[in-house]
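One chain, chain A, appears in both complexes that follow, with chain B as partner in the first and chain C in the second.
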Partner chain A sequence: MQSFEWVDAESVEHAVSLLGEGSERQPVVAKAGGMDLLDLMKNGVMAPRRVVNIKTIKGLDGVRFDAKQGLELGALVTLARLSREPEVRKRFVALADAAEHAATPQVRNAATMGGNLLQRPRCWYFRYDHFHQAGGDAVERVRSGENQYHAIFDNQRTVMVHASTPATALVAYGASVELTGPGGKTRVVPVSEFLLPPDMKRSTDTSIAPNELLTRVRIPAPAAGTKAAYHKQGERESYDWPICDVAVVLRMEGRTIRQAAIAMGWVAPTPRRAAEAEKLLVGKTLNEELARQVAKAAVNGATPLSKNAYKVPVLEAVVRRTVLAAAAA
Partner chain B sequence: MQDVKDTSDPRASNKPGGEQQQQQAGGPPQPPQPNPGPSRQQALPYGIVGAGLKEVTRRVPEDEPPPLPENAKLKSIGKPVSRLDGIEKVTGKARYTFDVQLPGMLWAKWVASPHPHARIKSIDTSAAERYPGVRAIHIPERILSTAQLRDPKAEQGNRYPTVRYAGQPVAAVAADTPRAAEAAVKLIKVEYEPLPHVSQLEEAMKENAPRVFPGPTEQPATAGGGGAPPGLPQKGNVRGPDNKPRGMGPRGDVNKGLSESEVVIEAEYRTQVQTHVPMEPHGLVADWKDDGLTLYASTQFVTSVREDAAELFDLPKSKVRVISDFTGGGFGAKYGIGNYGLLAIHLSRKAGAPVRMILDRREEHVSGGNRPNSIQRLKLGAKRDGSLVALQVQAYGTGGVAGGAGVGFCHSTLYECPNVLVEQYDVFTNAGPCAAFRAPGQVQGIFALEQTIDELAERLKMDPLALRGKLDVSGTDDCLARAQERKVGAERAGWNKRRPAGSDKGPIKRGLGFAQSQWLYLVQPSTACEVRVSGDGSVEAFSSTQDIGTGTRTILAQVVAEEFGLRAEDIGSHIGDSRYPMGPASGGSRVTSSLTPAARNAAYRCARELAARLAPVFKANAENIVFADGKVMVKGKAGSAMPFREAVKKAGFEEISQRAERRDDYEGYLFKTPDMALSRHGIGGVQFAEVAVDTETGIVKVERVVAVHDCGRPINPKLTESQIYGGVIQGVSYALYEERHLDAASGQQLNANVDQYKILGSRETPRIEVILLEQLGAQSSTDARGVAEPANVATAAAVANAFYNATGKRIRTLPMTPANVLAALRG
Partner chain C sequence: MAPPDDDSVPKPLLPQLSRRAFFKGAGASALSATLAPSAHAADPSPPVLGPEPAPLTLSINGRTVTVQADPATTLAELVRNHLGLTGTKIGCDRGACSACTVWLDGEVAASCMTLAFDARGRKVTTIEGLAKGEALHPVQRAFVENDAMQCGFCTPGMVMSCAALVDRNPKCTLDDVKQAVSGHLCRCGTYPNVFKATLAAAQGGGKAKGNT
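And now, the complex of A and B:
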C-alpha cells in the first residue's frame, strides 16, 4: 500500500472542500467504514494521496421516520444498526433483512450505508491490480474467462455486477440518495439511476461527482398494506456474496396485489426491476402457479455468459420463493 | 493393505507412501527382519476393545517395556487431556513463525512474475538498490518445488530460471520495513520474453499445446509424499502412465476380466484443484551468522528444513539450527525450505541480518501448493453376486509445474479384485506447483471409487454396506476395523431407515450415504526421544518433531507421564528444535505412531533407572518401586507413598537421562527406509453423511456426518476427535466449495484470497459425530497409529453417495456448486 495523508473531516462542507481538491493524479477519497476502501488500497487497485475520514462528521448517522417524509438514513448509519433499527425492521423489512444478510457481523459493525452503495464491484478481475495494469478489453477478458458470478442480463457492454446487496432492497422501495456538493448544494437521485454499470476504467460506479458527499438515503413512507421480503442466495450461508438477491415489495388490498416491485441484484450490472413479472402480479391474488409464472417472466430474456447459465434457474427459484414470502409476510 | 507382493518390484520406484525417494541399490527390497538383536516372546492384547480382544504372541526386543493394557486401565494415556498449549494459543502468546521478530530483522518480499511462461532476458535492480531502507537483493539461480528437467541442457544457456507460472519468484528484496520492501520490489525492472502458455488440464493434454517444459522431467517427492516415479515417458505435457500408484498394482489382465464380467459400470469423474490455505502461510525467518544459521520455520518437518538448508548452502548440519515452536497448519505442503526460505537465507547472508520472508495470502495460494485436479475414467467389472472381476482406471491431473497428480492406491488395496490396472498421468500446466495434501491422491481416488462401488450395489440391488462387507476382506487391521465401523456407524447413522434414492417429493431432497476410507499406516524409523529427570523431580521429554496443530506436545507428555505416574501437565514437553533427538515428520499421519513408542521406551527406561536410584531411599528392590498418582511407593505398601518430587529430591542426583529410538513394529514392515516404514496394515475409517439438496437452487447442505475411525490406540481421544472434526470439515469444504480458479488467458489465479476462494464456514459445518475405535494391533510399545489423513479421505465420497440417495442422480464433478449440481440433476 502506498503512503497517504489522513484528514479528519469536521463537517460536510469541510469534507466536500477537501474532496474538491483532488485530481486524477492526486486523488482524494472519502473514507466511511473503510471496509471497501482499505481492501482496494491493499490490493493496489486504489492509491489515494489523501484520505478524508468522514466518520468524524456529526449528524450523519441518524435514522428518522416520519409518516409523510418516510425514512431518512444518514450516510454513516452502519449496516448493523440498519438491521436492528425498529422503524426499519417494522416498515422496511426487506431492507433490514438485506442489511442483516450482508457481509459478516464484524464488517456490518463498520460498514456504512453510504459506503455500501459506493463500494466497487467484487468481480475478481476488477479486484486484482494485475488486470488494471494489463490493459486490453476488460469486458472481453471476462466474457471469455471466468464469468460464473457475472451478469446474466444487460451484459453486452459490461459484465460486472454492482456489489451492494442492500441496494437491491433500496431499488425495490424506490429509495433515493441525497448528494451534497460545494456550497451545501444538494441533489436527490433515485438509487436506480444513481448506480451505474460498473466500469474498470472509471473511479466510481455511481453518478456521484468527485466533490460530492453522499449525505442521506431516503425512502418514501410505505403505503398501507405494504408487504415485503428479501432473499440473498449465496453458495454459502456463513457469509458469501450472492449468486443473486431479490427484494419484493407488494402493496396489497386484502389478498389482492395492487402494486408490485421486484428488484434483482447481482444478475445485471445494476439491480434490475423485473417489470414484466411485476405487471403479472397487479390486480391478482397470489398462488403457487402465479408465482411460477412471475418467476419465469422475471428471468425471461436472460443472456447468460459461458459459465453462468446456472444463475438463471437459481434466480427463477429465488424470485418465486421471495414473491411468495412477501405475500405471506 | 492386501497385495503385499506387488510392492516388491524394483521398478516400483515410488515407494508405497510416496515418500522420499532413495533409490536402493541392488535387487528388490526384501521385507526386512524386524528388530534384530536379543528378543523375547511376548503375549500382547490384540483386537478391537469392546469387540473381542484376544491375545497374540509376538517376538519383541528383549528390553521392550511390558505391553500396555487397554486405555481404560491406564491413567494418562487414552485420557482426553486438553492441549497443554491451548491457553497459549488462544491468548496469542504462542509464538508462530509469523510472530517471530528478531532485533534488526529485515522484511523480505519477492517480485512475482506476471507472466505464466517466459524467459527472463534481464533484471535491473539498480533503482531498488538505491531505495531507502533496502539492505539486500537476491536473484534466485534456481527454483524449488517444481519438476526438474531430466536433461538440464535444454535450458543451459539461460541466465535465469525460466518462468513457468504466474507468481513465480524472480527476485527478492530485504529491507528495514515491509513498506520499503514492497516499494523496492516494484522498482526492479524485469525484461521478459513471454512464451506461449497453457493453464487448463484438457488444453495441456493436446498434442499441439504449448510445452511447459522443453523435455521430460522428474519430480522427487517431499517427506510429505507427492512426487512422481522417476523415468516415466513424457509426451508433450503428459507424463506417464504410472501404473503402480505408490508402488501398488497392476495385477491380472483387466481386458480379460472385463470381458468375463457380468456387470460393467463405467463413468468419468472430475475433481478440482484445492489449495491448502493453512491459517499461517508458508514462511521462514533466517538468521545467518558466522558461527551458524538459525532458521525459524513454519514447517511440518524441522529435519527437512535443516537438510535442505545444509545441502543448498553447503553447511554441515551442525551449523544449522531449526526452530519451530508452533506451525499454523500445513496439510502436507510445508516441507523443506521452499523458495521463500531459499531467498530468506540468501538475503540474510548478504545483509548480515535476520530476514523474515512470509508469504502473503496470494503468494500462499499461488505458490504454496495445491491438491491436483483429476479426470478419472473408471471401468468396473463384476459378477452378479457382487464379486469384482476387473477395475480399470485412467486418470489425468495437473499439479501445475510439479508432478504428483495421482488418484491414490485404493484401487489396488481396498477391495478384492483379481484384475486391476490404474494408469495415471501427470499433466504439466503453467500453474503453481502441487504439493502433498492430506491423503494425496486418495481423496480424489476414493471419491470416484466409492461412488462406483455404490453404483454397483444399486445395479445388483445389494445394500452398499453389505457389498463392502463382501469385498473388503483383506484381513488386515484396517479391514477388520472397517467391518466394525460399518456396524457401529450404520447403527448410529440410522442406516436401516435409509430410503430408496430420490424419495422426497418436494424441491428439497434428503439422503444418507456412506463411504470407506483407507490410508497407510506409516512409521518413521529414524525417530528418537530423550527423557530426563532432574534432581528436583522435573521430568522432561525432548523431540525435534513439531506441532502443526495436532497436539504433539500433549501426547508426548501423556505417554511420558504414564510411566512416572504423573499428569501430562507435570511433564516438560519440548519439541520443535533440531537440536533435540530427531522426531518424525508431521505428514503421512505418522507423528503419534512414530513418536509415542520411542517416548514410552525412553520414559520407561528412565523410570526404571529412577526406581533404581530410589530403591535405597525406600529400602526396597528397584522392581518393587512403583510410580502412581503423583507418588512413589513400594508395591503393596500404600503407607510408603511419598510425593514424586519429594522422593526424587531424596535420591540426591543431578540428572538422569535416557534416549530411545522407534523400534520396528513387532510384525515388521512391508518396506523400510530410515525415513519411512510401511506396515502391511493400513488405517481404516468409514463415514456416513446426511445431505439436503435444494434441487431448484443447487445448494447442497451437509447436515450430519457420522465419522467412525480407528487409529490404533488413541493416545488422546479428545485430540483424535479434533483431528477427525478437522478432516470432516476439510472434506465437506472440498466436496462443496473449494476450487482454485485460474484465468486461462493470463494464467492468473483469480481467487487468491479467502473471500473468493470459498471455504466452508461455521454455518456450513455439519453436526459431526465421532465414534472412535480402540484397536490394539500388538505392534509397538504404544500401539498408536495416525488419523489426520484417514479423516479426510471418505468425506467427499460419502457426501456424493448421499447426494445420490437424496436425488437419484450421480454427482461426478467436484465441487458441488450450484452450477455443477444443477448440471448433474439435469443429467
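And now, the complex of A and C:
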C-alpha cells in the first residue's frame, strides 16, 4: 500500500472542501471505517494522494426514529450498531438482519453504513489491478471466464454485481441517501437510483459527485401492518459473500397483502426489484402455492452466464422462503 | 522448529534498536516538511500528516506509547513491526481470516484492516496483554486444556475473539461461540475444540480482564 497524506476532517463542510481539491491525477478520498478502501489500496486498485478521515466529524453517527419522519441513520453508524439498535431491529428487521449477516464481527465493528453503500464490486477481476491497467475489456474477460458469482439479470453491459447487502434491504424499504456538497447543499436520492451498474472505468458505482459526502440514510416510517424478512444465501453458514440475498417488505391487512416489495441482491448489477412477482402478491393471501408462483416469476427472464446458471434455482428458493418468512413474521 | 517470533520469552515492548528509533530520527525532518503550508493555509485547519512517518499515540496493553508511522501503516504492522508484539498474526491481510484480531476499546477489530492512525488515543489490547502476569486468561488456559490449537497461527486471533465473548457474556452458548469465531479461518480445523474450550472457560466463570 502506497503512503498518502492524512487529514482529519473537522466538519462535513471541511471534508467536502478537501474532497473538492482532488483530481484524477491527485485523487482525494474520504475514509470512514476504511474496510473497502484498504482492500482497494492494498490491491493497487486505488492509490489516493490524500485520505480525508471523516470519522472525526461529529454528529454523523446518530440513529433516530420518528413516527412521521421515519428512520435517519448517520453515515458513520457501524454495521454492528445497526444490527443491534432496538428501533432498527423492531421496525426494520430486514435491514438489521442484513447488517448482522454482512462480513465478520471484526469488520462489522468498523464498517459504516455510508462506506458499505459506497464499496466497489467484489468481482475478482475488478479487485486485481492488472485488469485496471490492461486497457482491455474486463467485462468480456469475465463473460468468458470465472463468472460464477456474477449477474444473472441485466448482464449485457456489465456482469459485475454491487457488493452491498444492506442495500438490498434499503431498496425494499424505499430508503434514500442524503448527499452533502459544497456550501452545505444537500440532495436526497433514492438508494435504487443512487446505485449504478458497476463500471471499472469509473471511480464510483453510485451517483455521488467527487465533492459530495454521503451524510445520512433515510427510510420512511413503515405503514401499519408492515412485515419484513431478509435472507442472505452463501456457500457456507459462516462469513462469506452471498450467492444472492433477498429482502421482502409486505404491508398486510389481516392476512391479505396490500403492498409488496421484493428486492434481490447480487443477481443483477444493482439490487433488482421483482416487479412481476410483487404484483402477484397484491390483494392475495399467501400460501405455499402462491409463494412458489411468486418465486418463479421473480427469476423469469434470467440470462445466466457460462458458470452461474446454478444461481437461478438458488434465487428462486430464497425468494420463496423469504416471502413466506415475511408473511409469517 | 518454532519460528523465532513465536517464543514464550516476553519481548520488550520496544526493541533496543528499533524501527521506532530509526523513524524518530528520520521522521523529524520529513515531518517539518509536511507540516508546511497545506492547501488550507488561510484557516487553522488540522495539519496534513504524511506521507512520511508522523507521530501517533495510543495505549497498548495498558501502556501509552508514541510511535512514528506513515499513514499507510496498519495497526497489525504497527504492533508487530514497530512495537515488536509479534503475537498478533497477519494471515490474509484483507480482514477475511481474522488471524490479526485485537481489541480496540474492548471490541474485536481486524488489525490488518485498521489504519494505525485510526487507533490514535484508543486502547489496544493484543494477545500479549491478555494474561495478568503469569496468570493466563481463562480462555487461554482452556485452549491449552482442551487442545484447541494445532499449528497455532490462527490461535491468537481466535483467543481474542473468544475472550471478548466470555468477558462480555459469561453465559454464552455454543451458538454465541460459533458467531464469535465466524470470521476466523482455521485451516487445521480446530473449531470443535475451540468451541469446547470457550464454553469450558465460560462455565469456569473466571473473568480476568486483560490490563486494558
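FYI, the second predicted complex is superposed on the first by the 329 of 329 C-alpha atoms of A that agree within 3 Å, B and C clash if a C-alpha of one lies under 4 Å from a C-alpha of the other, contacts with A are read in each partner's own complex, and residues count from 1 in each chain.
The rule we apply is simple: a contact is a pair of C-beta atoms (placed from the backbone, for glycine too) under 8 Å apart; a residue touches a chain by one contact, two chains touch by 3 or more.
Everything quoted here is computed from the prediction, not taken from an experiment.
A.B. asks: Kindly classify A:Glu193 by the partners it touches after superposition: chain B alone (first), chain C alone (second), both, or neither?
C.D. replies: After superposition on chain A, A:Glu193 lies in contact with neither partner.
A.B. asks: Counting only touches as set out at the top, which of chain B and chain C does A:Asp137 meet: first, second, both, neither?
C.D. replies: Neither: A:Asp137 stays clear of chain B and chain C.
A.B. asks: Looking at A:Val107 after the superposition, I want to know if it touches chain B, chain C, both of them or none. Which is it: first, second, both, neither?
C.D. replies: Second partner only.
A.B. asks: Quick one: is A:Glu21 in contact with chain B, with chain C, with both, or with neither? Answer first, second, both or neither.
C.D. replies: In the superposed model, A:Glu21 contacts chain C only, not chain B.
A.B. asks: Go through the superposed model and pick first if A:Ser238 touches only chain B, second if only chain C, both, or neither.
C.D. replies: both
A.B. asks: With both complexes overlaid on chain A, does A:Ala317 touch chain B (first), chain C (second), both or neither?
C.D. replies: The answer is first: A:Ala317 touches chain B but not chain C.
A.B. asks: Kindly classify A:Trp6 by the partners it touches after superposition: chain B alone (first), chain C alone (second), both, or neither?
C.D. replies: A:Trp6 contacts chain C only, not chain B.
A.B. asks: Which residues of chain A are in contact with chain B in one complex and with chain C in the other?
C.D. replies: 1, 3, 238-239
A.B. asks: Going by the contact rule at the top, pick out the chain B residues touching chain A in the complex.
C.D. replies: 114, 179, 182, 507, 696-699, 736-737, 741-746, 748, 750-751, 755-756, 758, 760-764, 817-819, 822-823
A.B. asks: Using the touch definition up top, name the residues of chain C that touch chain A in the complex.
C.D. replies: Touch list, chain C to chain A: 34, 38-40, 45-52, 54, 70-72, 74, 93-96, 98, 101, 104, 107-110, 113-115, 117-118, 161, 178-180, 182-183.
A.B. asks: Can you tell me which positions in chain A touch chain B when the two form their complex?
C.D. replies: These residues of chain A touch chain B: 1, 3, 122, 124-125, 127-128, 130-131, 133-134, 141, 144-146, 148, 233, 235-241, 243, 307-308, 310, 313-314, 316-318.
A.B. asks: Under the touch definition given earlier, write down the residues of chain A that touch chain C in their complex.
C.D. replies: Going through chain A, the ones touching chain C are 1-8, 10, 14, 17-18, 21, 31, 34-35, 38-39, 41-42, 50-51, 53, 55, 80, 103-107, 109-110, 238-239.
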